[in-house]
Amino acid sequence: MKAIYNYIKEILQGIWTLLTGMRVTAKYFFTPWKHVTQQYPENRDTLKIADRFRGEVIMPHNENNEHKCTGCGICEINCPNGSIEIITKTLVNEEGKKKRAIDQHIYHLGMCTFCNLCIKACPTGAIVMGQRFEHAVWDRTLLTKVLNQPGSKIMEGVKE
Amino acid sequence: MTGTIPLQYFLIISTLMFFTGIYGFLTRRNLITMLMSIELILNSVNINFVAFNRFLYPENLHGHFFSLIVIAVAAAEAAVAIAIIINIYRNFRSIDVDKVDEMKF
Amino acid sequence: MTNEALIAAITGIEAEANTLAGPQFVETTVPLAGFHAFMKKIKEDPALSFDYLICVTGVDRAETLQMVYHLESTTHKHLLVVKVHTADRTTPVVPSVADLWPTSEFHEREAYDLLGISFSNHPDLRRMFLDDNWGYPLRKDYKDDIHIVSR
Amino acid sequence: MGIIKKKQDIEINDYPILESHEGGSIIMAKLDDLVNWGRSNSLWPLTFGTRCCAIEFMAVGASRHDMARFGFEVARATPRQADLIIISGSINYKMAPVLKRLYDQMADPKYVIAMGACAVSGGPFFYNSYSIVKGADHVIPVDVYVPGCPPRPEALLYGMMQLQKKIRRERNYSRKKKEK
Amino acid sequence: MAFNIYDFTTFTKSIHDGLSSQLSPTAVLAIEWTIVGLAYLLFVALFGLFLVYAERKVCAAFQQRLGPMRVGPWGLLQTIADFIKLLMKELITPKNADKFLYNLAPFIVIIVSFLVISVIPFAPGLVTFDFDIGIFFVTAVSSVGVIGILLAGWSSNNKYSLIGAMRSGAQIVSYELSVGLSLITMIILAGTMQISGIVEGQRDLWFIFKGHVPAVIAFFVFVIAGTAETNRGPFDLAEAESELTAGFHTEYSGIKFAFFFLAEYINLFIVAAMATTVFLGGWMPLHFGDFEGFNQIMDLIPGLFWFFFKVLAVMFLMMWFKWTFPRLRVDQILNLEWKYLLPINLFNILLMAAVVLFGLHF
Amino acid sequence: MNSEILFFMLSGMIVIFSILTVTSRRILRAAVYLLFVLVSTAGLYFMLNYNFLAAVQLTVYAGGIIVLIIFSILLTSHISERAEMAGRFQGLMSALATVAGAALTLITILKYSFPEKSVTEMPSDVKNIGRALVSYNENGYALPFEVVSILLLAAMIGAIIVARKENMAAKGNKK
Amino acid sequence: MDELKEVMITNDEIRTDEYLINMGPQHPSTHGVLRLLVQLEGEIVHNVQPHIGYIHSGIEKMAESLSYPQLGHLTDRMDYLSAIQNTEAVALCVENALQVEVPERVKYIRTIMAELSRLASHQLWWCVMGMDMGALTTFFYGLRDREDILDIFEETCGARLTLNYNIPGGVMFDIHPNFQRDVKAFIQKFKTKLPEYERLLSGNVIFTERTKGVAYLTKEDAIAWGVTGPTARASGFACDLRKHRPYSAYDKVQFKEILSDVGDTYTRYQVRMAEMWESISIIEQLIDNIPEGDHAVKMKGVVKLPEGEFYQRVETARGEFGVFIVSDGKKNPYRVKFRSPGFSNLFAINHIAKGWKIADLVAIMSTFDLVIPDIDR
């Protein structure tokens, strides 16, 4: 008799735990308007990306096409996996003094791990992290970027 | 639904099936395929029973019940046979009748 | 057990051990010959009872190859670093401690894989991460011009 | 700073349409369009993940980002039924033959997305690593590269949309014979 | 009884009479078979696609997400896109596979599903076969379906497939027993195996109410065993994704895989339809004893609608199971059947027999 | 006319597939051919209006015995195995014997004139079958029914005992 | 070809009614590219041989050519679910070696971040565990709530997964102004979700039947095999380094070390569930008391460690993580060894999975919470 009682009790307890689980899922099923889904391509206008989000390294230029990069190469040294390559050129200014300047700040987006070490190390704040993340391409070569715009110059007053 | 089909047709089918089963039983070396041949034989007998029942003595259901019982026996036979086959396989690693020649294991 | 007591106890077991209190833990360097017996003693000695092998590291010390064992006692909560050297770089052999701490079987396999140190009495010494014909990448003289792009 | 939120931005990596239906059969072109529509909207990924990107791949499938909106949620564990490998993580020399085999086991048409820096170029393991393949495209052909380490889920979704775009431009039946 | 505008008997009869007046009986039969066959094909294809879509939407709702949204309005065309893709996908036959059996297996599975559908009455007059052994026919035919799965698992020459097939074989063979016994319980109450008779018997009250306690137990046993027989979660051991990648259909691709996929949903429909027919009154509207007004309002809703409403409700229950519970282990599956469902079922038959014998039902 | 087409289809399937069953060298294929034979036989029963028997045939033979056979094949043989056939001489002799036997039987069947069909017909519906199965008067089958049930029970127990494994070792290292 | 050879070798050893299956490298339940060679008899596991190396990336070799601050970028990618704790170990190791005392604020932030990361990791473990057991909905519930933590991470650290937040000398950024508010909001929300997890899975009779009494790991075995983390604590091995060797701010908080002496699959599950509550309580104790101060001490441009050997242990979500740095005084480490918890845990599988069913093996792997790149490095 005891065995039968236990048998039935076992079954009922099992069913009760199953029903508890079903209640949880049912709660969400019957409140479909509470879904947490963000509809990405549709919500591009309202998509919230944190200010500190590291999406790519960019070099801000001002309206005169000037940037702050001196071509010192500290970011290249600090980059753990060589995503940044600095090609410098030598400029001769009016006084005949030779001065090193950035020729191409090459940035391999496809290799970058967004560790923030280059930005942290940059003495002039020439490079910052941008929040754009839509980088997918069909061709890997497009991921190698030159950060300084063609014809850009260094901003006045930026010291090494 | 039998329409104009004569009884003999059913009997011919069952005969062919029966002797195919016999042929299989004689030529097969694998226990499972031999079992399948036996199923063919039993099945052909069933067709006979049912056909005789339907064509000659439709006033009762003797053939029908015989078939039912044969099916039940076939099921029992298959169950036991397969149990034995599995056991043989476990001991001999083979279900080939030629290789199962010693009764001791 | 304090560091001093630990050093004393270890010197008691193995007189040739070079034991000193390092910046963090007590470190002892044991000669290769008595290594396995030493490990067995410090595991089974109830006063020491180093039953938990935290980590096994192989280090390429240019002229020698070194194995570093980090040990902890779960009862006494003290730590010990045991080091053993082998001068033979071509066929380095260190006694395996896999019979004392089963976990070392795999740490030793890793050391074998990456540094080429073989372990005597190891139950299953095979390459772990790399293929059989690969070199021993963690050795300082490892060269691989095909796979490595140097910076 | 802040995200540049322009509608045309989504087209930034777009490519011009290469060939039109000129000279080909209209019916075949329509059939192509239909098939491509089906294929591009039903990309079932293989459950394949190697490194951190796999976690973001899971996040893409989960409630917040919900890959199912595109019809991609039927992740198949067997390569026979999958249309798409998302290489989420690094591939090393021991894994490369396996990946190749997985790719060969898939039924045509099959697509590959290289997700994250490791799969695009070897990423953090490009220099001084003896065992990582420098980019999954050394092993199998990659259709879309999604940089990021790991890319955020939206970035992967964007990559999948790029792949859809690529599929819609395929010509299976109405290919114009090129005179040479 | 008043003339029922929702009755399909007159409709089918008029077609038959119209054809018979023009053509020979053989031609009539051929044409009618073709029509019926095409109708079933169309129904299965469309309803199967709809079910796949519904399942995806339902599970999305359980999981606080949206499900297919971007292909067509609310993603309605999603499954059509999937279908087109699967249709155009390469068919792979693995090396060393037994090609004949490998290609045959999906067809066995799907043909069996079709055979079972043919005896289900969707609405008054909308049924193909109406045997005197209807229910028995359903269990008989559906017991053949497992052969397809076994063949698929074996002929793929893949160990995962083989394990999946063995699991599924053991599972289906055992749960068939429970399905059969729970149906027998209801046959005792109905007094007939003919499906039309069973539906007719529920004109005033559905069997699940009429047979109260034993009928409710039988209903739940049937739903559980039916879920197990369709290889759906939490009984999806045969394709247990986390253990066996995809179980018995691991090696199938393209349209052959689609057959298995579709058959799963057709079987889902079959179980739900059988539950509806036997327990929930088929296409009969909900009637309660003497509430004439209520009954008449219910009568206004067409039988077809009632049928599908109930079928979808049962299917929702089964989807709910799938998206809530973890998967059982193989020994638990057999335990559940032999230690719980079977004794309960046998006891339940006795209970039902007593209820019927002493007239304790409503 | 219709029934003839159906009959010839079914009987053709029966003959072809039974020959394939005994000649196929792949065992699982043979089992599947046997399945086709059995299903076609069920079709014949349906034709003869023995619906119940046909359903029993499907359940027990197709759903039960064939599944059992396939199971045992799955357990005992590998996909690349080919069944061994008898030697040429034995095969030839068997074929001869079979053909001779079949010819003899066929001739007998065709020569023999069967008696006429009796007029009254007992409908083979479930009600009649059920009544006959449990009644013990003239057309009752209570005794065979019980005997078969006992046989089935005995077979079940026997099968379990025969197939049971002797050593149940290696069942969980610690419990 | 090598693969075949291995199988052939083992084929000689297996009994005749056993067969081998290969789980992985691509298999849904191995959570990555682990390959398990499983010897089965029917459904019963007779032997499990883990084969690793399919994601081996030579991190220890690479580390020898990186500077100390750059190490964090590699440790993030080892155990990506415990990225915070891994970088913390490196940072602590370097700080210890240099005898740098970091501000209190940094310690608090590190501790909160580590606990958040532990929560996120356990959530992911929970949902994957459910998925391995066949309850697919847990996957979505777990990841749904995990996104909230990732939002907090993104706001403060600028990334979702590989954060590179702890650097030698402090943390990369100061906490975001909204940090405390968001964390408190998350804790409030998560406190309602956690009982839901319990109702959905822990109490479920199918789940308990599948896990209770399955695959015991005794305390002695746990110690011998070097199993750590929640897995070992379920067997009674008190190995919580946060308690026994506190670092950062763990000596300032009250929390229980979850211990049990049962050691079956269900206990391993329960310990992790209880640890989530403990993590919540730790965060609650710290979140309002973050002291003011700097978020990092000023380090030299080039960090050079003194000559010597340094070992630092931290408790990650999976167990004991150790960093062993051998320095020769240069700016690059001479040798770096990472003692990853998963590595030791993984190899105990064969020991405890023997004799259980293949479905149990999947559950066991789930409760071991393996992250393969952590094992392979």
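Should a chain be cited, it is by its letter among A, B, C, D, E, F and G, assigned in written order, with residues numbered from 1 in that chain.
Heads up, the rule we're going with is that contacts are C-beta pairs under 8 Å (C-beta built on N, C-alpha and C of every residue); 3 or more make two chains touch, one makes a residue touch a chain.
Just so it is clear, the model here is predicted, and its values are computed rather than measured.
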(request) Find the chain most remote from chain D, comparing centres computed as mean CA coordinates. (result) B
(request) Please state whether A-D or B-F has more C-beta contact pairs across its interface. (result) B-F
(request) Could you put a whole-Å number on the gap between the CA centroids of chain E and chain G? (result) 45
(request) Report the inter-chain centroid distance for chain E and chain F in whole angstrom, where each centroid is the mean of the CA atoms. (result) 28
(message) As a quick test, compute the distance in whole Å between the mean CA positions of chain A and chain E.
(response) 50
(message) Please tell me the distance, in whole Å, between the geometric centres of chain B and chain D computed from their C-alpha atoms.
(response) 57
(request) For chain A, jot down the residues that touch at least 2 other chains. (result) 18, 21, 24-25, 35-37, 39, 49, 51, 53, 80-82, 113-114
(request) Send over the residues of chain C in touch with two or more other chains. (result) 129-131, 137, 142, 151
(request) Any chance you could list the residues of chain E touching two or more other chains? (result) 62-66, 69, 241, 245, 323-325
(request) Please name which positions on chain G make contact with chain E in the complex. (result) 19, 21, 27-29, 43, 130-137, 140-141, 144, 200-201, 204, 206-207, 209-210, 357-360, 362
(message) Which residues of chain F touch chain E once you look at their complex with the stated criterion?
(response) 1-2, 26, 28-29, 32, 35, 39, 51-52, 55-56, 58-59, 62-64, 66-67, 70-71, 73-74, 79-80, 125-126
(message) Going by the contact rule set out above, which residues of chain A touch chain G in the complex?
(response) 13-15, 17-18, 20-21, 23-25, 36, 49-54, 78, 80-81, 113-117, 120, 129
(message) For the complex, give me every residue of chain G touching chain D.
(response) 25-28, 31-33, 53-59, 61-62, 65, 73-74, 76-77, 80-81, 124, 139-141, 143-144, 146-147, 150, 160-162, 372-373
(message) Quick check on the complex: what are the chain D residues that touch chain G?
(response) 46-52, 54-56, 58-59, 62-64, 77, 79, 89-90, 92, 94-95, 98, 102, 124-125, 127-132, 149-150, 152
